[in-house]
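What follows are several structures.
Paired with subunit B in one complex and with subunit C in the other, subunit A is shared by the two complexes that follow.
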Partner chain A sequence: MSPEMMQLVPPAIAVLGGLGFAMAAMLVWASKAFYVETDPLVDALIELMPGANCGACGFPGCADCAEHIVAGDVTPDVCTSCDAERFELIGELLGIEISTAEPTYPVILCQGGTNCKDRYDYIGADTCRAAILLAGTRKACSYGCIGLGDCVRACMFDAIEIADNGLPRIKKYNCKGCGSCVRECPQQVLTIAKEHGPVYVVCSSHDKGKYVKEICEFGCIGCGICKKNCPEGAIKLVKALAVIDQEKCTQCGTCIDVCPRNAIVKL
Partner chain B sequence: MMDIVTPGYMPHEALFPIVVDAMFTKNFLLVMFLGLCSFVGLTTNSETSKGMSMAVTFVMTMSAILTWPIFYYLLKPNHLMFLQTICFILVIASFVQLVEFIIHRYSPPLYRSLGIYLPLISTNCAVLGVVLLNVKEDFSYGASIVYAFGAGLGYSWVMLATAAVREKLIMRGVDLFNGFIGAFFAAMMMALIVVSYFSVVKL
Partner chain C sequence: MKIATIRTSDQVIIPLQQHDGAVCSSLVSVGDTISVGQLIGDGEFRIHSSVSGEVTAISELPHPSGREVLSVVIKVHDGANVHEGASEESEPEELSTGKIRRIIRDSGIVEPNGRLTLCAKADINTIIINGTNTDDLTANAALMTNSPSEIIYGLKALMKTVGAKKAVIVIELGSAALQIMRTETIPDNNIKIIATPTYYPPGTENVLSRKFAGKKVPRGSTPEDRGVLITSVTAIRAVYDALHGTPMIKKVVTVAGAVGSPGNALVEIGAPIKHVIDECGGCSGTPVKIIMDGAVSGMAQYADEVPVIKTTTGILVQTERDINREPQTPCINCAWCVDECPIGLMPHLLYGYADSAQFDKCAELYIGDCVECGLCAYVCPSKLPLVQIIRYGKHGVAEIAAAEMEVSE
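Right after this comes the complex of A and B.
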């Protein structure tokens, strides 16, 4: 090494060492001064959460939900993705008993699919939203399911598939009832229901009865027979569509028997 | 074409040409090919590219503010210019870490939206490129800050424009242009526009 270069060694060591030391000291100080305490309980709970970040609890993600659970804002049963086993572990961690809510599932309020006539042959991006953007729904019924599977892609648990009849089918074994598909559906033909009991009009069409009869085998035509026969007065007609008031309904099943279109089912 | 691709002489102190240079003619992404990993990785979604652009612009500007005095008051008097790269990396990385501490403490929402990008850019080549170019071009303190901010803006508009294009392509289901190919194709078109336009319009 030449003497000129040797002369540069001490200042180089001093400058780089000094700079490094200054930065390190600053970071050590900053890490103390701006220390953010994280609750070890929250960290442990995040480990136990399902981690799907589905958002059914109303918080942006599992970590956020865990924070609110530890803070006492909500109880762990807001999580619909946890199964009983997981709830037991979480209950053990938090030292509380968790009563699991009755499982819920999405219901498809449409029986169209292949039973409903097509308005045009759709060739394009395989999403419901793209189909709507093109020229309204590809089905003759502007209210029904389009069947291109936006719900399938929204599902984080592989619990929905498009069946042979062109409608989504729920695989109940996988479904956690988180409602991601309900929020995703551009036609809003999905809704969340309790597993057992409730009676639903599985049609969303507000079209006039004559038109519905023409295009769909099962659609509600708004004839009002169910309304007349309901002993509880729980059914009303909203723009040619029967709507059941779930508060008043006693699940007697009278409407199911009298419906001429088989558009009412009990889950 | 060569004088456009390689950063050459820039008129000092005339701030407007410096900004235009940084944003368009010598755009960091399109013309100098700096910071391409974040460009390819984060432009699939407008939201993430927006966060990344904001973070990069901020860090670039702050790095210019911090590194200029270090170079001219610490390295140059001691003839230690060969240490500039490692010194700049040291300062930028420490500064980014400090910013992360501070926003984690004082603004959790900002930390959540920006926090994941800050570590990503602490050693981003575009950020280091800005401060090294500042030195290479002999910019004054004010000009170097303006140049860094302009470079950040240039990075931002390319990120946002590419994200918009890629989102549209993905929506349309054009399989050929999904993934990296779409990003590079969009970048190529924009680079052609920028390069050819400014080779005709002289500033």
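Right after this comes the complex of A and C.
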């Protein structure tokens, strides 16, 4: 480097250094002058929240939910994404006892997939929502799962996938039971259920029994055998589909044994 | 160009929705014996029976639009299937305007694009007849070569009714119909024949209006608002028939693709496409896809019981060789679709917004103006089903509008 250029170095350092210092001073001042008061409790709670912003609690995101929890509008158990460990930490922070409910998972009320005949060979958009506009659905059953995976894309936890049988499969270790997939499903074949116990008719078809028998291996044909055999009287037939009243059901399992179509399962 | 006449199907299915609009109400019930030309549906427009026979069912059945629509199923009686129209032969000048208008309205004429432009009550200055061929469908040219005088008759009657001073018939360069129509119209200075190079999509109303009548059609209005009535050869031919006592019960349909003898055929409204294909020599090879209307803009059908309706212009049968099963890949924003869109929309943005269910954004980008010509999906290097998703977007926009209407009420 030539001596002339060497002469330029000290003033450059002075100018840039001075500028930096002035800016830093301004930032320090601004952070003091425009300081926004936040509740330290809310901040601490946001740190503890799962941060998935899944919306299962009904608020736009975890931060909003935390504010409402601190304000006392809701209890922390609205969050379905927290596990027991996290609830314990939140309970410690807030000084309350949180009763942790049994985890919930989505249930697919359809056993169609590859067991159900196709109505036509579908070439088109991989979206259930758009596909149901074309002649009912691509499946012969217009009530069942189409299997194009809108639920898979709706899931924020990578907890759902389309399995080889053409139906969504829930990966329980990832699922938080937030219900995004249930809200997204245009066919409404998904529902949220407790992990253990409940008995479900895993079919959504209101078609006539003869037609269901033709097109699907497992569909409910509305024969009513489960209704006759239920000791609690908890099953009724709604438009050729057996529906179990979960309030009355004692999970005895009689209907599962008598169903000729294997359309009733205990989760 | 020959128009084949085919045997009447044993059973016809007449959907009660054959235009863009509400489903008509049925005027017949199961068990009724009806005769050809009898009114069977009424509402925004009229639907007539194309055959004589017995109504065997009225139920939701497959419709070319891909939905299931309330349809009247008629079992055809043997013989006596010729419609006896009024025999009076009078020049259009002799008929009164009101009479022509009433006859046109009562005979249920629908344009191939699903609109009822002939019933428009606007002040019309120019009539444009779109005589170009969409894709490989030659029904328009066949109609013009076979019945030029009927078309001129229908056109004159229509001009008189709506009070139009000028009429333009747009025909493709090199079409056989060009010379025939020119000879036919020599004595008349008000009717002009314009030859146009082949382009796609030929039926876009605002493009026709701008090119051949010099009237630009602003967004949100129809060509009729600007004094231009755009109609089709089919509709004009139907006007001639209507004035001779026959409502719109038959239609010239192009049967193309993998069939024994492709060509144009005069088909009863309601004939199942399976019957039409069988009558045209049947499928050659294994049919994989049957498309209603053109190859680019048409809609693949999921059942061959789907009937021919008033908007049907063609039936295209494709075998495995013709079908593209390439997988879709994500949009790369190359904007080829933007270059091609004849309306000047942004199909790639519409696709993105509709796919993510942001229907308000779709409405902001004028999704309703899309004519579903299919050029965007045709050129897309990512093989995206743009038209299907845009259709879904339109459906979503309509649902939101309906929900808002309900709230405001």
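Operating definition for what follows: the second predicted complex is superposed on the first by the 228 of 267 C-alpha atoms of A that agree within 3 Å, B and C clash if a C-alpha of one lies under 4 Å from a C-alpha of the other, contacts with A are read in each partner's own complex, and residues count from 1 in each chain.
The rule is simple: contacts are C-beta pairs under 8 Å (C-beta built on N, C-alpha and C of every residue); 3 or more make two chains touch, one makes a residue touch a chain.
Fair warning: this is a prediction, and the values are worked out from it, not measured in the lab.
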Who does A:134 touch here: subunit B (first), subunit C (second), both, or neither? second
With the two complexes superposed on chain A, say which partner A:11 touches: subunit B (first), subunit C (second), both, or neither. first
Between subunit B (first) and subunit C (second), which, if any, makes contact with A:23: first, second, both or neither? first
Larger contact residue set on subunit A - subunit B or subunit C: B
Should A:1 be classified as contacting the first partner (subunit B), the second (subunit C), both, or neither? neither
Going by the contact rule set out at the top, does A:31 touch subunit B (first), subunit C (second), both, or neither? first
With both complexes overlaid on chain A, does A:123 touch subunit B (first), subunit C (second), both or neither? second
If we overlay the two complexes on their shared chain A, which of subunit B and subunit C does A:238 touch? Say first, second, both or neither. neither
Those residues of subunit A which subunit B touches in one complex and subunit C touches in the other: 124-127, 130
Can you tell me which positions in subunit A touch subunit C when the two form their complex? 119-121, 123-127, 129-130, 133-136
List of subunit C residues in touch with subunit A within their complex: 62, 66-68, 288, 300, 302-303, 323, 325, 328, 355, 357, 384-385, 388-389, 391-392, 395
Along subunit A, where are the residues that touch subunit B in the complex? 8, 11-12, 15-16, 19-20, 23-24, 26-27, 30-31, 33-36, 124-127, 130
Which residues of subunit B touch subunit A in the complex? 70, 74-75, 78-80, 83, 86-87, 90-91, 94, 97-98, 101-102, 104-106, 171-173
